[in-house]
Every structure is written in structure tokens, then in C-alpha cells.
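Note that the chains take the letters A, B, C and D in the order they are written out, and that residue 1 is the start of every chain.
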Amino acid sequence: MPLDDFPIRCEVPVLWGDMDAFGHVNNTVFFKYFEVARIAYFDRIGYQALMADEGLGPILAETSCRFRRPLAHPDTVVVGARVSEVGEDRFTMQYRIWSVGQDTTAGIGEGLIVSYDYRGNKRVPLPASIRDAIAALEA
Amino acid sequence: MPLDDFPIRCEVPVLWGDMDAFGHVNNTVFFKYFEVARIAYFDRIGYQALMADEGLGPILAETSCRFRRPLAHPDTVVVGARVSEVGEDRFTMQYRIWSVGQDTTAGIGEGLIVSYDYRGNKRVPLPASIRDAIAALEA
Amino acid sequence: MPLDDFPIRCEVPVLWGDMDAFGHVNNTVFFKYFEVARIAYFDRIGYQALMADEGLGPILAETSCRFRRPLAHPDTVVVGARVSEVGEDRFTMQYRIWSVGQDTTAGIGEGLIVSYDYRGNKRVPLPASIRDAIAALEA
Amino acid sequence: MPLDDFPIRCEVPVLWGDMDAFGHVNNTVFFKYFEVARIAYFDRIGYQALMADEGLGPILAETSCRFRRPLAHPDTVVVGARVSEVGEDRFTMQYRIWSVGQDTTAGIGEGLIVSYDYRGNKRVPLPASIRDAIAALEA
């Protein structure tokens, strides 16, 4: 099955209004798809809750996308997210956008997430609970 | 001069990415233009500050738009906002979108704004300072 | 069942990125939801195909929304569309946005659709095939 | 002056509605800013016209962004674009987003543009007129 090596998978319908004047889904929407999977990943590992409770949260520091196939409405995409590398105060996330209609990958990308203390306004080591939750989810 | 009967006027460039697959600025973007002028109006009368300080703020309860001309990139629009009617706990705002390139009105609309106490979670009479600021701005 | 008096119903996930700085789904996204159902309706009655083939298509001339409940991620909405009135060269569409998570209506709205000849650049009577397809779908 | 080493510079107001639930301009909007400068660059070198006339146009194959500072309304950004490398059938564009309010760089990025024959549906060498126009603009 496609994306079965991604622990987080989200289904999103391709909307007519996501297309631009070239008649294809605009490039910015690919990053919105990535965000859907990233937020779902953060929810799953308790990162959104930790940010609300203790002010320890993620910052998206870098992101990139390689566009492999143009997308168009009507279609549905499945967006996968996984963590490929964990550092002291950061981790790297990989994304894949699967077009159900075309039965192929439409885009792949990465994001660099940095651990931040929003109350102290400084980078901090990745909280242990987050590190453990990532390890468990990726196992 | 166009829009000189609107106390708030905001200039916004029409972006290529605001166009949809029909090659015109998407209808939802007209409401984004309205929002630009509405927020500028709220800033001017101190409504954003009052909401941050005391939790007394506006709710957009209804809005509408009549599309008069299609818009396309490249162009610049000027968006005007004015208050046409003030009630006990609400007021009506009128909007006009002027296309600089076409030298004509591209859209007109309205919004109904309701006064809300975000801490008490209930409708409240329009704060006197807001009522006075609207009267002064519209004079 | 909610929306069972709407012949067209579309399910759309509420994305985190659809929320604005107030923490609720932005007002412009309600109009994007309407568009999802409107385009699905047009597809069903063959209006998109007629536009591609003969240049006879719809123009959204007016639209409006009443916001009943704020929406937030995570949630799913179901958007319904139906035609309430058909005129010589126009028809009125009604929309309803149902929040699955809140089990209630989040917004209702209308759109005025005008029949247009994109090759002749003028309003034209509603094509008979479209009029018939609407009648059949609404029966 | 900031961005004076970018031949294309576009000014864009930061809209309130560009902010997400974290209260900062959403990451996807940085790519929309890049697009503003990219399209302006394409217009200047005649690439949009060549695509309309002969079907020879650009494809955005990859793009990336490093987020240096969060952006918020009210502010204005200036977005710069320049071409850093030209290959046989592709070129690399660099972008920089300058925050006027913060007087500093908010984001930097790149895009890989591939030359495409939209009628023949295949990659083609970069048209000579485009290659020359880039060289002249970057001189």
C-alpha cells in the first residue's frame, strides 16, 4: 500500500478552489497538505497539548517540496508524515503526497522542526516526552 | 475621487495566485478584501485594542457581496469601508472594491457586526467608546 | 438526518490552517465551503461540461453568508447545496454548512447564479438542458 | 539598501487574514510571497507571453524556504527574486522576504524552474530569448 511506511496519513479532498490560473493545484497548497500531516503528527505525540500547557512547542524552521505531478480537482490526496532524524533540539520530518486519482506520488518534501520555549523565548532541548513519543510512533 | 465617501480606504495588489482556474480573482478573495478594510476600521476606532484589553470585541454575523466586474492580475484594488447604521448591540458596515486598472467598481458588499463580551460569552451593548469613535470617523 | 433536503452534500475536513488569528475558521473559508458544493452541483447537472463544450456557463453574481457557530479544527463539515428558485436567465442556490463535531448548523448562505455566454460575452437564457437537470435533481 | 542585489522587488502588504491560529503569517504565505516575485520576474523576461503565444513555459519543480523571523500584521514585505544559475533546460531562482516593520530578512528561499513545452508535453532547452533576457536583467 502506498504510504504504509508513514505512521501518520491524512486524507484531503482536492478542492476546485485550490487550483490556480494554470488549472493545477497551486504550489502553496502542497505546503498546506504538508501542514495537515504535520499538525496531525504533533497532535498524536502530544506536542500541541504540551505547547498549550507549558509553552514548549515546535517551530517550523525550514521546509521544501519537490513537485512530481500536477494535481487537479476532482481528486483526493493522502498525505503522509514521518520523522527521519532526531537531534538535540530539532527533528526532521518527511512528507509524501499521494494522488488517489493518479495512483502515484504527486509531491515529496521535508520540514525541519526546532524545539522552542515560547515563554522563555529561546531554543530548548527536545522535551523527553516528545522524544519518546516520536520513537514509539516511528518504531 | 472614487471611494472618497469611505473614511477607511486600503490599497491591495491583486496577486496572480488570487486567481482561480477560471482566470479571475476567486470570489472568496473579495471577502478577504472586505476583511482588510474591516480590520483597518476596527484598528482605527480602537476595537482591536478594546478586545485585547477587556475582551469586548466584534463578531462578524453576516456578510454579502455583489460581484460587478471580474478582477485579474495585474491590478491594484482600493477597498473602502464605512458604517451605515448603528444599533444597540450591532452595526452595519458597507464595503466597496475599486479596480484601479479598470477604473470602476468591481464589487460591493455589507457586513453585520455584533458586539460581544468574549469573557462573559454573551452579546453586549456596543461600548460607548466604540460608538463615539464610529460617529467621529463617519462625521 | 441533517441536510437530507439538500440533493448535493460534500464532506470537507476542517484544516488547522483554515483558522485565523482569532482561533476560528476564517469567514472567507465559509465561502470556500459554499464553492465546494456549488461546483459539485454544477458538475452533477452538466454545467461544467456545457461551459467547456459550448461556452455557456454560470457566473456567481451575488453571495451571502450568515455565520451561526464558529468552527475550529479538528472537525469535519458537510456542505449542502440546493436550488430554491429558477428564473429566465438565473437561479438562486442555497447552502448549509453542518458541523459534524458540534452536530449543528455552522452557517447558511445563498448564491445568485447568472447564465452567461462566454463566447458572445452576454447574458443568455438558462440552457434547457440545465433547467431540466436542475428540475430532475430537485424533484 | 536591502534587496538591492535583487533585480525584481515587489511590495506586498501583510494582511490580517494571512495569519494563522499561532498569530503569525502562515508558512504557506511565504511561498505565496515567493510566487509574487517569481511571476513578476517571468513577466519581465517575457516568459508569460511566450507561454501564451507558443506554449513554451516554466514549471516550478522544487522550492524551499528558511523561515528567519515570524511575520505579523500590520507590516509590509518586499520580496526579491534573482536567478543564480542557468542550466541547459532549467534555472535556479533565489528569493528574499524583507520585513519593512522589523527592518530585517524574514525568510529566504529558492526555486528550481524547468523549461517545458506545454504543447509537446516534454522538457525542452531554455528558449534563447529567455536565456538572453535573464542575462540582461541579472547583468
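Criterion: contacts are C-beta pairs under 8 Å (C-beta built on N, C-alpha and C of every residue); 3 or more make two chains touch, one makes a residue touch a chain.
Note that the structure is a prediction, hence the values are computed from the model and not measured.
Greatest centre-to-centre distance from chain C is found for D, with centres as Cα means. Between the interfaces B-C and C-D, more contacting C-beta pairs are found at B-C.
Centroid to centroid, with C-alpha atoms defining each point, chain B and chain C lie 23 Å apart.
For this pair, chain C with chain D, the centres built from the Cα atoms lie 34 Å apart. Across the assembly, chain B contributes 16-17, 26, 28, 32, 35 as residues in contact with two or more other chains. Of all the residues in chain D, the ones that touch chain C in their complex are 16-17, 19-21, 23, 26, 28.
Across the interface of their complex, chain A is touched by residues 10-13, 15-17, 32, 35-36, 39, 43, 73-74 of chain C. Against chain D, in their complex, chain A makes its touches with residues 26-29, 31-32, 35, 59-67.
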